[in-house]
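Chain naming follows the written order as A, B, C and D, and within any one chain the residues start at number 1.
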């Protein structure tokens, strides 16, 4: 298989399989998780819980008081790499085109120099976060194979994408194919690893906000 | 698998629900919950990271309720939970977790970790992995009536003394009263002034109240040990008494987890909404303050800080009542940085104060340093709280570090300065 | 006709300045520094003519058309004056047995020294019967001619990579020259058709330096195939600014914006079109408003559609809906199983009593 | 046939600025360096414009900035070549056309005299022999 055939495969059957497994996995896991249901809270609410769940979904995106000072790497590194990923994934014109092709949604892209910068910053932040995971006792203690694995499958698409655009290491065609392949691996493992937090964190925040909102505590 | 372990696992299978599934799937092992837990911040030992305390529960969830987990269990990638393991986890779930719920406030993905600890304790209790101290307290509550083994005659004695001291009648088993007053054993034994204060305030406000001879104890060791069956037995006494006496409200005493047990868990334990309201004494006092009934004859001059009990404030939702009340009675109230829903636990909640092993007591003393720091930073020698358990635990801490800090109950402080 | 090339040229009325001018252009196209034109002119002026045999196989003659109709016939002709083209079916006057005899004679006379140019792929199915010359299969002729060649130039995508004959489902079992010949230096000059100046550039290099130019991992001269169309494209700045033509007749297309979204394969195509251009430097596909097809890359015909952007799926997503249904189905099945399990756990619940607290 | 002979005309032509890529200004800096080198060492150099990603608008911009000088050389050798000095002496704009008028290559040379203009000694020798012949016929 030459590199163009490789690229054609990852753009064709590869992507088909990956998106298929992703969609299948996401739906299966969402049903699996949320169909467990929960008991109705019979205690009289302090005040109607209203939109407390929704509030928490947003509020939890902001660090708690003093949080940044206690764990600067987790918060700042985490912010940078999540926002950086979002910029790279949703701001780069070829990505937008892919999204448009899959969903029909489209928006203007960002200049590639900016995307380039965002990618480098994202990778730097991810490396810092990884070093923090190795250095910080709590994180090292909690870390399992899954943590190292998911870091890798998240990092690789950024790295290969950047290398491809910069024409480094391997010919563009091969690198582009590897980039798409790495994204496919990411899509495939996402529903079955902690990366699924991208979906469940909304539910989690909502439950937490709802339960405590019922008691009158904005969390 | 032993019968008790099977029972424990079965209990976990019952309590695992969509929120727990969502929480475990959301956890990214960021470890930020450790920063919120005084057992970690004061010891620096990563095993106290809140989410780690739930590892057996996570595995049961994964093995029982996810397809991949079942597969992993079949091929041996995920080991079943054993008695040994639960034994090991017992100290993590009871000794080093006060269910203060601070971790639930900080988790960036929104996990309500304390919610899961509460559920995990169901399995721990059903499989018999509970510390002797809490076990004893539970036993006494079920068999005798209160965690300290207190019986009605002792209460009647306190009532008589209060009547003598105040010259007011304290009704018992009176039907149709506005409030059914509950007490906690600790108050009966250590702070009998509480009842006197209430009698004065009720009389001034013209509110009728009563005590119930078959339901005076507000605390609920079943909640602490984490067993709904036992907790239901205990809470039913109050519900039955309140309904028999046809009271409009049940007044929860200062005690933190008692409020949690009656106000928030009670209806869920008996499986139906209450026919009466549950009111925390501070909520009532604050209401009276707003009505202008709560007039002070004098004020407390010394500078003081406030310790917000977790179960009443962060987990119970009585967020705002304490501050205006304390400002009413104290000239020199100093608000601390981590207050109200961000307060730090006394270190003895969730039943932890009932565990009297050497390790547990040493650990409690160690984590008290967080409160010690708060007291020292504020530079005060008085700390006010409104939970009898917090107060006792902190008094022990103050003794341990040989500090000259005085602990006061808020209701008691108010009563002392109340206009006659 | 022997003697230094410049004399041959002079006899045809081509002056030194004309030749120097040509070499300047050639050096520019080979991405050599401007000063190399002078060096090249001096070396080539003194070179002698090698024998060249040109074998056409399963092809469309587009490659020959491209070479012979290149932008400046006199100048390209000049290069042909540098060589002795001893066999080229399409161009030679001889036909039939005469032509085949010429081939045999040239091979014998220059054994081990001649340059073999091949255009077209070689069919292998049915023992090569799909394409024969004088009753002999292409593969047989190729093997025989390659044996005595100093080097082989595979002209066009068919000879270099199999090209369109090899496109799915490859009915004739077509393969490239390098699939058959393993023991000779082979220069691939892919393209459908290839750029004429690449051919003359390779010849010029062979004449100037007596060796083949530096090749990439696909056997292509790096001087022409060292960079992608995208990297040398004058519309590249628009790509970097995120300015794209969305259709062939929109404002972006009129403004000359990047054609990536219209399926341009420039980013994965290594060729010199962007610098050398076509039709005498008149224009080239992207300049004319159409994206690159990637014709100089292996299997370009099967690379997911000419009008699909590189970052979009090559095939329409087939399993998307099916996966959603299966996923939802699996999820519902699991949820029923889970609920049953939870009900069973509830049924199995034994009320905990004080005695149970002791294990 | 030259391009101009094709009877097409552009409608809604985009403004010239739209075609600017921003690649031209750096070339002016490179030219300045090359001129400095020519002054210092006498070394000639060149920039191959056809090998760079420049739009017609970029080229127009460059041409306008460099201006026109005093000398224009036209060479008729398989198509016309023009070697025009720019407003900066020593900087030459060189354009080679083929015999059909299409541009085959385009350079900016930095030299006292472009290489192509100089006569080759061998050709001078031939010219001298021709002169001798003419003289001998007198």
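Assume a residue touches a chain if its C-beta (ideal position, glycine included) is under 8 Å from a C-beta of that chain, and two chains touch if they have at least 3 such contacts.
Bear in mind the structure is a predicted one, so any value in this text is a computation, not a measurement.
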Separation of chain D from chain A in steps, with touching chains one step apart = 2
Between A-B and C-D, flag the pair that has more C-beta pairs in contact.
-> A-B
In whole angstrom, how far does the Cα centroid of chain A sit from the Cα centroid of chain B?
-> 38
Inter-centroid spacing, chain D versus chain C (mean Cα positions, whole Å) | 32
For chain B and chain D, let me know how many angstrom lie between their CA-based centres, rounded off.
-> 90
Would you mind pulling out the distance in Å between where the CA atoms of chain A average out and where those of chain C do?
-> 39
Can you list the chain D residues in contact with two or more other chains?
-> none
For chain C, residues contacting two or more additional chains | 330, 334, 338, 342
If you look at chain B, which of its residues touch at least two other chains?
-> 16, 65-67
Determine which chains touch and list them pairwise.
-> A-B, A-C, B-C, C-D
Which residues of chain D touch chain C in the complex?
-> 3, 12, 14, 18-19, 21-23, 45-48, 50-51, 53-55, 75, 77-79, 81, 96, 98-100, 102-105, 107, 109, 115-116, 120, 122-123
For the complex, which residues does chain B have touching chain A?
-> 16-23, 25-32, 34-36, 40, 44, 46-47, 49, 51-52, 65-68, 104-112, 115, 263-268, 271-274, 277, 314-319, 337-338, 341-342
Over in the complex, which chain C residues touch chain A? Could you list them?
-> 218, 228, 230-231, 239-242, 244, 260-261, 267-268, 270, 294, 297-300, 302-304, 309-315, 317-320, 322-324, 326-328, 330-332, 334-335, 338-339, 342
Residues of chain B defined as touching chain C within the complex | 2, 4, 7, 10-11, 13-14, 16, 64-67, 83, 125-130, 135, 138-139, 142-143, 225, 227, 229-230
Interfacial residue positions of chain A with respect to chain C in the complex = 2, 4-5, 7-8, 11-13, 15-17, 19-32, 35-37, 93-95, 97-98, 101-102, 108-113, 167, 171-173, 176
